[in-house]
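Each chain gets a letter, A, B, C and D, in the order it is written, and its residues are counted from 1.
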């Protein structure tokens, strides 16, 4: 069995400037943050992101100037930060290209890609401006073959007159990066708790990179094949990164870091403070281990999940703003 | 919490003559056989079955005269019996109405129903007679609103000129009956090993009845919510039926019964022998417990799964024909 | 929040709104809940009059038995004791689109008199003065739940005659326009605001003031509304019971994460 | 099967076919295997020249490490030690339709010279003289795998000029007809029969005899074929090695479930 284990810097180096990319997780959970910091450290440019409900993973990439175009449904950390501050500023300043879909819309698009279909039908979005308006122009769409030529299409069901369906185009990305609880060296993956849309995001990517809290044995993983997320061929590379989603939560491993999230959102509101944040946590540290050292062992300890709950029941979570 | 537990006869009595129905399992595994025998014992007529790869569950129902129309992809027990003998005879004698799809086609149709869509696109079947020919006439389709008005439809993708997709109509059934490893009184279900298409079959039915090898506690089930098959509202009734899939296999519980399957297939080739089989195993016994007594405890014991394997590694399985 | 000796006698606006939202949930209903007030409301309902309501979170946890209040619909707290942990595709397709969700909660920055909601941006869509997170699942809940409960900040500029972008369709232009647009079910049933409760007329689907919160008058509320608001049928919003407040404060949100 | 003292010197037809089928699988390929000979072939390949081939079973087991030969593609034996246990929908959509399957095995009652297969019925489709199980996944494998390996009983009536029903499309009418019908990939690469091995010409996609089994001649095989069979390039089918036979008999099918 060939080992798919590689290092974090090596994994991030696989992603060229301008690549299409989706990242796993949902708002404030299980984003591959160690990988994101490494992308920033390696000064990636012109990334083209596809996502449903990203959070600070996208926000910090956008703020660091790594992103050119996004297709998305939502960009915030929910109660930890009700707007992605750098996303907001990038849109308002005209520094980013984007297209809006609904969350179900983006999920449908990933699902179509995973299923090997050019589109899937849905019943959502009719009557909305998500349906009626387009952020990307026809010229922008035509100029990049990786953007669907149409935002969407409408058909009448051939099985019932008058029954309208919205067809949404499949997503295909060059890369997908997930952060998961458990993986084997061979690339088998187990997600605990909700899967979000990680499985379908992975299945519509050419190259899937997984960062994992824990590397487990092949025998352990194969004892419960019902819990494996993806077929063996889906994952190209595995990186072992404990705490790899900090400051976000990983069910059964650690909780959200409310303090770090507050600091991020405060900093990201002000250009200079955001640069200082990047300096302190990304550019100023050579790697993710050093990042964790800056955060501090005591803080990380306080986030560790109680096995009874899968999170830290005594964590001080009250909104610190 | 309301208990959804009911008895087997009571559960089967819920299905009226003429009902649309799908049964869980795949060829020679995890069919709800105890429930099937009870349907025959209660002399159901004119059932309308939807399935992908049924086996003896359908074959015995067809042979017992319970079935009027079927939509399917396959009807056999694979190496245990490479054709459903009563299915073959019913078609050849013009005693049953049917429509052929491919397995992926039927799965796509269940998936569409589960997703709340009137159809889903696929890339299969083009060029085949599964695509080109129709067993049901336009009149037969029009006469029963439960049959799709069209077998299928073809569209060109609005996203790429010349890209053809096959649209297959959703399935909706009045009943779906599954046999599973574990269920709670409240109707939560866990399937071990492959799910086949049980989840999507259940999600396109009005009323789902689950027969289970084992009734487990709510706390047990909720400790691994990743392994629950269906949302809580999906299951209407739960019946506790150990060995409820005999002579078929249930992963982690018991293996195929090669002797019983040989006896069935031998009997089902000859009208009189089939009637004797029905008499011995269905009409002649008042309930499933009595059926199991006729099969015999020693035989059942020999089928029990070795926990290390999930099946019975020393079972004599060589084709007995 | 003011601390008082008899908690039944006083309550915060957040508490009033949470209780009002909770009362919109019936027992045995399937509830699609978002972060914040909807979670307070759903958890309160589950622990009072609707013990068998089934709470679904967009990120994949279904039938959650919440022990601690989540801060995200993807929070690990939604998983513990859940009936099922799946993903967004399962929740959106098998539950929401398939018509299994009775009531969904949504909110936004702007709401018009037909319950259309904007959570995308202010000003010109292509060059917005303020950009928000975007739809998330709100558009989908608005389109596909059997009915929606809207939570809103009641200010004149947030309830204008015309909103800048329809993220989540309500009754669109009223009348049959929602159905004509291609939506097969649903529509807003109520708007719980910081000043009162709005409901919708059966045929025109126009919002009217059903109740104003204690301490306000119908006139107060109308003045703070950017569209013409019919107040003919308005009465005072029923206040929380002592039991509701007790559960809200001691069981639902003892950490005071969302309660003020 | 005849028992012999030196097993490398003699072998049954089933063994020859299983070995011939196994050799069609390359290392690291994704293999969609059906019950019977394909399972023998896939398991043998995995234990000889293709240790990293990934075996997928239609009913939901993926990356199986078979310890005991299954009798169904849904057999519990396909689950033990599997990389992933899912369902038909996942296998058909995420793997087969998405183009991840390199080679699929199919068979049937009739095969024509373009590798089209009938496993539905003989005679008039609406009033058949013999009804078979139906497509199962065969039509889908034939449509969506990158290539297919066909297993066939070689009799004149089973390899006719025209088959009664195309369950699983091969090269249809040859030439570009498969592509024109709307199929985006795939097509049969080989037919392993009880008398020889057929392959397909690159452009016309017509079958020709690539090899005849030991003991037969090209002429023997042509006589038992219902369509015109080009035998110009035929040689003898390579025989099993001692190692292949040893593994087949002692590791793959020691119970003699499919081996004869």
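In this text, contacts are C-beta pairs under 8 Å (C-beta built on N, C-alpha and C of every residue); 3 or more make two chains touch, one makes a residue touch a chain.
Note that the structure is a prediction, hence the values are computed from the model and not measured.
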Task = Note down the smallest number of touching-chain steps it takes to go from subunit C to subunit D.
result = 2
Remark   = Of all chains, the one whose CA centroid lies most distant from that of subunit C is D
Message = I'd like the Å distance between the centres of subunit A and subunit B, where a centre is the mean of that chain's Cα atoms.
response = 39
Ask   = Whole-Å distance, subunit A centre to subunit C centre, using C-alpha means?
value = 27
Ask   = Taking each residue of subunit D in turn, which ones touch at least two of the other chains?
value = 61, 79, 85-86, 93, 97
Query = Going by the touch rule set out above, which residues of subunit B reach two or more other chains?
reply = 116-117, 122-123, 193, 195, 225-226
Key: All touching chain pairs, where touch follows the definition stated at the start   = A-B, A-C, A-D, B-C, B-D
Message = Looking at the complex, which residues from subunit C come into contact with subunit B?
response = 30, 52, 54, 56, 61-63, 65, 79, 81-86, 93-95, 97-100
Inquiry  = Per the contact definition, I'd like the list of subunit A residues that touch subunit B in the complex.
reply    = 116-123, 148-150, 153, 155, 157-160, 163, 165, 167, 169, 191-193, 195, 225-227
Query = Which of the residues in subunit C end up touching subunit A in this complex?
reply = 35-36, 58-61, 67-68, 71-80, 85-89, 92-93, 96-97, 120-121, 125-140, 142-144, 165-169, 172, 177-178, 181-184, 255-258
Message = Going by the contact rule set out above, which residues of subunit B touch subunit C in the complex?
response = 1-2, 114-117, 188, 203, 221-222, 225-226, 228, 230-233
Inquiry  = Which residues of subunit B touch subunit D once you look at their complex with the stated criterion?
reply    = 25-30, 52-53, 72-80, 82-84, 87-88, 91-92, 94, 100-105, 107-108, 110-111, 122-130, 132-133, 135, 154, 164, 166, 193-200, 249-252, 255-256, 305, 309-311, 313, 317-319
